[in-house]
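Note that the chains are named A, B, C, D, E, F, G and H in the order they appear, and that numbering of residues resets to 1 at the start of each chain.
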Amino acid sequence: DFAKVDTERKVRTGVPEIVYGEGKSASQIVKIVTTMLQSQNNILVTRVTPQKASDVTKYLPELTYDTSSKMLLWKKHTLQKTKGKIAVVTAGTSDLHVAEEAALTAEMFGNNVTRIYDVGVAGIHRLFARIDAIKEARVVIVVAGMEGALASVVGGLVTSPVIAVPTSIGYGTSFHGISALLTMLNSCATGVTVVNIDNGFGAGYSASKINHLGEYTN
Amino acid sequence: DFAKVDTERKVRTGVPEIVYGEGKSASQIVKIVTTMLQSQNNILVTRVTPQKASDVTKYLPELTYDTSSKMLLWKKHTLQKTKGKIAVVTAGTSDLHVAEEAALTAEMFGNNVTRIYDVGVAGIHRLFARIDAIKEARVVIVVAGMEGALASVVGGLVTSPVIAVPTSIGYGTSFHGISALLTMLNSCATGVTVVNIDNGFGAGYSASKINHLGEYTN
Amino acid sequence: DFAKVDTERKVRTGVPEIVYGEGKSASQIVKIVTTMLQSQNNILVTRVTPQKASDVTKYLPELTYDTSSKMLLWKKHTLQKTKGKIAVVTAGTSDLHVAEEAALTAEMFGNNVTRIYDVGVAGIHRLFARIDAIKEARVVIVVAGMEGALASVVGGLVTSPVIAVPTSIGYGTSFHGISALLTMLNSCATGVTVVNIDNGFGAGYSASKINHLGEYTN
Amino acid sequence: DFAKVDTERKVRTGVPEIVYGEGKSASQIVKIVTTMLQSQNNILVTRVTPQKASDVTKYLPELTYDTSSKMLLWKKHTLQKTKGKIAVVTAGTSDLHVAEEAALTAEMFGNNVTRIYDVGVAGIHRLFARIDAIKEARVVIVVAGMEGALASVVGGLVTSPVIAVPTSIGYGTSFHGISALLTMLNSCATGVTVVNIDNGFGAGYSASKINHLGEYTN
Amino acid sequence: DFAKVDTERKVRTGVPEIVYGEGKSASQIVKIVTTMLQSQNNILVTRVTPQKASDVTKYLPELTYDTSSKMLLWKKHTLQKTKGKIAVVTAGTSDLHVAEEAALTAEMFGNNVTRIYDVGVAGIHRLFARIDAIKEARVVIVVAGMEGALASVVGGLVTSPVIAVPTSIGYGTSFHGISALLTMLNSCATGVTVVNIDNGFGAGYSASKINHLGEYTN
Amino acid sequence: DFAKVDTERKVRTGVPEIVYGEGKSASQIVKIVTTMLQSQNNILVTRVTPQKASDVTKYLPELTYDTSSKMLLWKKHTLQKTKGKIAVVTAGTSDLHVAEEAALTAEMFGNNVTRIYDVGVAGIHRLFARIDAIKEARVVIVVAGMEGALASVVGGLVTSPVIAVPTSIGYGTSFHGISALLTMLNSCATGVTVVNIDNGFGAGYSASKINHLGEYTN
Amino acid sequence: DFAKVDTERKVRTGVPEIVYGEGKSASQIVKIVTTMLQSQNNILVTRVTPQKASDVTKYLPELTYDTSSKMLLWKKHTLQKTKGKIAVVTAGTSDLHVAEEAALTAEMFGNNVTRIYDVGVAGIHRLFARIDAIKEARVVIVVAGMEGALASVVGGLVTSPVIAVPTSIGYGTSFHGISALLTMLNSCATGVTVVNIDNGFGAGYSASKINHLGEYTN
Amino acid sequence: DFAKVDTERKVRTGVPEIVYGEGKSASQIVKIVTTMLQSQNNILVTRVTPQKASDVTKYLPELTYDTSSKMLLWKKHTLQKTKGKIAVVTAGTSDLHVAEEAALTAEMFGNNVTRIYDVGVAGIHRLFARIDAIKEARVVIVVAGMEGALASVVGGLVTSPVIAVPTSIGYGTSFHGISALLTMLNSCATGVTVVNIDNGFGAGYSASKINHLGEYTN
């Protein structure tokens, strides 16, 4: 009884139960997920290595592993999709893992998600080519490593709330995401809030909360 | 012509034009605000010291100075208030300045704001005494210095999106707000996004964007 | 003769002799422990990897390896148990290793230990469900990674001295335990003292010293 | 109503109510202390500058200002003194302010305090000249800046619990107390726990909690 | 004879001799400049406070003080101007001091300088309105504080070499220019090199060296 | 369509298209390079491990792998060489990888490159033995790890612009290149600009831009 | 009795007694020095501001204040001078204060000191002009701020032991001496040891110990 | 010709030529050492992993590998031993590697070395048991990780110059040697100078230079 499963908070059918997979052994994950089986909730286990995923799915074949986001998923129920959209925007190809963690999390919570990848400011024409799709979204998630300037540029162009996710992509003075994090915290564009380095999950989850505002009552 | 006033972005009558007051001289602020006079926008100058405020208001007596938030304000028009509420919650008495910067900014953008101050986790009964008022809000801003644990506790208790503002209150290893910032970025409670240290303005502005979602179409 | 065994300090029968296992080879540990054989002390070797443990126990089968705390133990004598209790409280499942290092150390020194695991502030009802058991203890050890807010919350709820142990659990801005460490050092709840990141041993040892105050003379 | 006075926690007559003076204006302190007047508690306001102290005592002449600890005190009741002693030990003359904050706090909570100042390791004979008085104490507080080595040396010589307080004394790579803090957290002597840089108050308060163990029942 | 004036390096008439004014007293500056009087070089003293400038010019009225760049200047000779242009671009109004240090330095070395100020990415239309003037330059200096994203955006739009100057403008996690510095060092736009925080002088000097390439032989 | 190839920026035949290889899988690199096949550009993929290189060249045998610079190259066209030279200077033998990344990049862009390796300041006679070759260059790249002092010494000896590349060579307080980086940013020799730690590519690329100034019109 | 004067360590007539002046009040310094009056030792108080010096000398006019080193001195006895020399070398004019603290300390302990100031590597010919005087010394102290490269260059040129003193001179990324400190710790020239930032006293003192080796017995 | 062997500096027969082995391939080391064969110098290659050592000795069997110091050695000539002694003192068993690097380096340069290991301050009686042997030395090297307090204690007890070597032994806030480094730089005991983390070689080399002072002329 090393882990207390939190069965109180989520009540709507299908809203996922979340397990933080890092630092837990495969057998701990199996036990925790098994406790959740009786509920009607979907399940989402984050930050699972391929090896650990394969150890877990031997015992729980109902879980599927998404290699790009490194999440284990169990979709027992399909949630109703929001009308409003969440845009997930990335600077480069290497930010894909984190972006997919955000995008899939948001989808698991019933959101309509638009992916706009590899539009970093080094070739800003790529961003402008897609800016209308970004502006259409109710919430924008910007995922960027290295210097993370994309968050400021997008923040200056859209009117919707922006959630910035620094990634650990880069080398030397990128300091495993610190450079991008500081950029995003100091963004001269207002309306940008920030989550932990590589925390695609947190961004997707917060974006979902925001995107559902006004949807419930419709 | 050292400053280009950005007259394009805001179109609805009364939505404030923002000036970042720090690092600008009183005479620079006077010139920038004067350029904004012809527009229909309200005006909000952030991070103004009392001395600078008094130098500015000699030339522009229409501006009023709010000593707690250290902002200069010009309310030409009254914006329609949102039905949804933004709660501004602080851990201690010393976080007041930053909290008021957030609260007043949100009010200047037409939001209905509830202030819940001095409910830090050292005496957690104070928080529980006010938790219903916090839960009622559509967006919650948590302002805390020192170790900033309040953000995690509130984040675990509410279902609305939380914006956390670390303050520079503390000494020694508070490192002028870094301790609280790290706490908030690593919050084990999901749904918390973070802004720069002491950036009450940014929190109020983002909260306003979020709080207006679903309001426009009503 | 690379290591001088300190045979002077401990005199009561059974009080453990401690060896810091990290940075020592298996053969160095074997030699040091062998020197201790003639004394009446129990033995406790900390921070031993499974591989090194198995190399050591080949030569010293009297030692047992505890996989959760990663300690090698030799219990020659059973110490009298304290009446007063030490509570070991953790935020999450991943803090288990460090918590067990603290709990087992305290038990090796004759303390009565209560384990209360996985009650982090993200779901604070789990903490309140166990708060009476925590309040009952004479000393409380709080073990937490990520943002470490649990130390402040527990510190605000109990009247006994609290020893906080930051763990290296987390990613990104957790900075391998620095975020939790700073939280604990800046705790707005008074009565909290702190040990090194992942130093479960030090917490258990200090807690034992404190818990024995008043016990000796009874 | 910017501050909620916490009247619930302390019940025994005379046990001080604490106010954290830094970051509060003189008038805020006056208001908070005034609310506490009806209770039977003593009052202790920490980190008050001489100027602020003089502004406060104009309105509340019952408070006395201690210039060495920079605390405002109101001793309505005399608490019974403990039999057990707390030793407060400093490395240098410049650590006096922090040491007095610890010593006076402990005394305000009814503890018997022994002061042993200026016995840093640069001239270790000074420490040995006083070691018996230190060993006699039930709890030892070590206050040191610069490299803070005194905590390790004392920790290796005594069997009672040691609380180490790093001070911001030093220059260059002392980094305002970080060097001493790290020394204390990494102390090779076990049984040392640590508080925030310059946090004499916290050390005195924790030491008091520890020193009262076993005393209550006598 | 505390300072050895370096009379060997500069030989062309009028090329300025540079004195680093910070950390030198007014009388030291007077002595150093006086030694330079016999040469045919212009003189440029950087980082001089207004007070120190006024103390120096009492003795050396030939020097003029530029309040925006905080430099003392002595223009004995007029250098021939380059055909090629150096563009100095700033993000905000508050970066003016550093930008002028760069621009004036470049002009003192005979360069043709274009100033394009307050075109930060928060309102990127301001940058595009001036982009042709920036593209026309042979070397571009980008001066920006806060998150410094302007360097990346400009770097992605021009083909000439870009020298980025982080400024200490900002608060909280701007860390006195570190955030902007890291942004610039990690710029995803290639062709950007970086100088020290607030080092407008170094940027102007390097830009001049680059801008003169190919000019000498014409 | 995870990567948008930027086909707009480079127009002159043969000017290389650059791919940042780190953080991309072999199959992603294959796909990106394949898209570039139709253009007339040369191709250069940086920071490719030997394993990844061998996986890529199985599918694209036209690419050759340079083990010292860890780059994959495809030279479809030979660019005209500049008359002006770029000197690449290193402090030690271990800086070779980064130096070759700079040198080869510059050569791929059509520059005439002189390599002067292992002339660090510990044996400064080695530098003076080669100083004429260094002075002859139009642009000098200095590559150095550990304390990076070579950049300052070279910067004080030459009149051409210097680009300094800190390397991660060293241990302890070299902090993976931070020591060398700070040295270079604080260089007392003017005319030194800096790129990211280990960023040989960026230095070679910027040097090429500078070295081509004045060449185009010839 | 806040300070224990250490009268045991120094026995030879005239060898100075040291007082660390920073963080002590003028009256504390007066009391400490007064206790030392009866001994035959000279006295040296370091890091004394002009204001504090003038407060102290009102009561103790026998002390003289050296404004460049900011030390208070009392030379009761003249020590015999060493034959061997200590060279104190500085990079720039602004390092004077620290250099004089080192030089005067060494002289107070009876050493023969050669001062060679303002020979930083930006104009390395200045260093070579004085290198013979530096090589003549038995111990060399190098004092440098900014990037501190002088220590490496001197270390590579001399065969005597070198003590490097980083100074806090510089701005931005000099980080108040950290850049120079790291340079010196990572020096590729062997035979360089380092003291704290701005610790001229410590360098002079250690150099004296080294310089006296072999002198005693002659 | 990637490495220039420095054959100028060392002239006395047998004085070792040093090669820094880290970051060099086995084949590079073989080539560099081969170039040194014709000289009369001994050879010392530092920081060589066991694997690399075995690759090198296949080609150069004259080199012997010392596993504790991780150095490759070639002793062609025996240097005359100094009369004066260097003491190498360690805090713990885990500091052995670094201590041996120092001790062996000193011996290779002809010094008389005394090893005094595992006498850390946690059990200070161990230090006092050996203090006479330490006091006998002309130079003392103190090697310590974790909090490094041993340097201060030894520094306060001996009159000879002390060279402190911080080691990367420890975990958590030891920060791979930073804690010990800061302790040593801030040592309240004067006469302590410091080298890079784990730089046993540098300490041994500097100690040798100091220990030879006064010996030459005998």
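In the analysis below, contacts are C-beta pairs under 8 Å (C-beta built on N, C-alpha and C of every residue); 3 or more make two chains touch, one makes a residue touch a chain.
Please read these numbers as outputs of a predicted model, since none were measured by experiment.
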Mutual neighbours - chains that touch chain B and chain G alike: D, E
Set of chains adjacent to chain B and to chain F: A, E
Of C-D and F-G, pair with higher C-beta contact tally: F-G
Which listed pair, E-F, F-G or D-G, duplicates the contacts of E-G in over half of its pairs: D-G
Distance between the centres, which are taken as Cα means, of chain E and chain B, whole angstrom: 36
Distance from the mean Cα position of chain H to that of chain D, given in whole angstrom: 43
Whole-Å gap separating chain A and chain H, where each centre is the average of the chain's CA atoms: 51
Shared-contact residues (touching 2 or more other chains) in chain H: 92, 122-123, 172-174, 178, 181, 185-186, 190, 196
Chains grouped in pairs wherever the two touch, ordered by label: A-B, A-C, A-E, A-F, B-C, B-D, B-E, C-D, C-H, D-G, D-H, E-F, E-G, F-G, F-H, G-H
Residue numbers on chain H that touch chain C, as the complex places them: 92-94, 96, 117-119, 122-123, 125-126, 169, 171-174
List of chain F residues in touch with chain G within their complex: 91-92, 120-124, 146-149, 152-153, 155-157, 170, 172-175, 178-180, 182-190
Chain A residues touching chain C - in the complex, by the definition given at the top: 1-4, 6, 8-9, 20, 22-24, 28, 32, 47, 166, 168, 176-178, 181, 196-199
Contact footprint of chain E on chain F as seen in their complex: 18, 84, 138, 159-161, 163, 181, 185-186, 190-196, 201-203, 205-206, 209-211, 213-215, 217
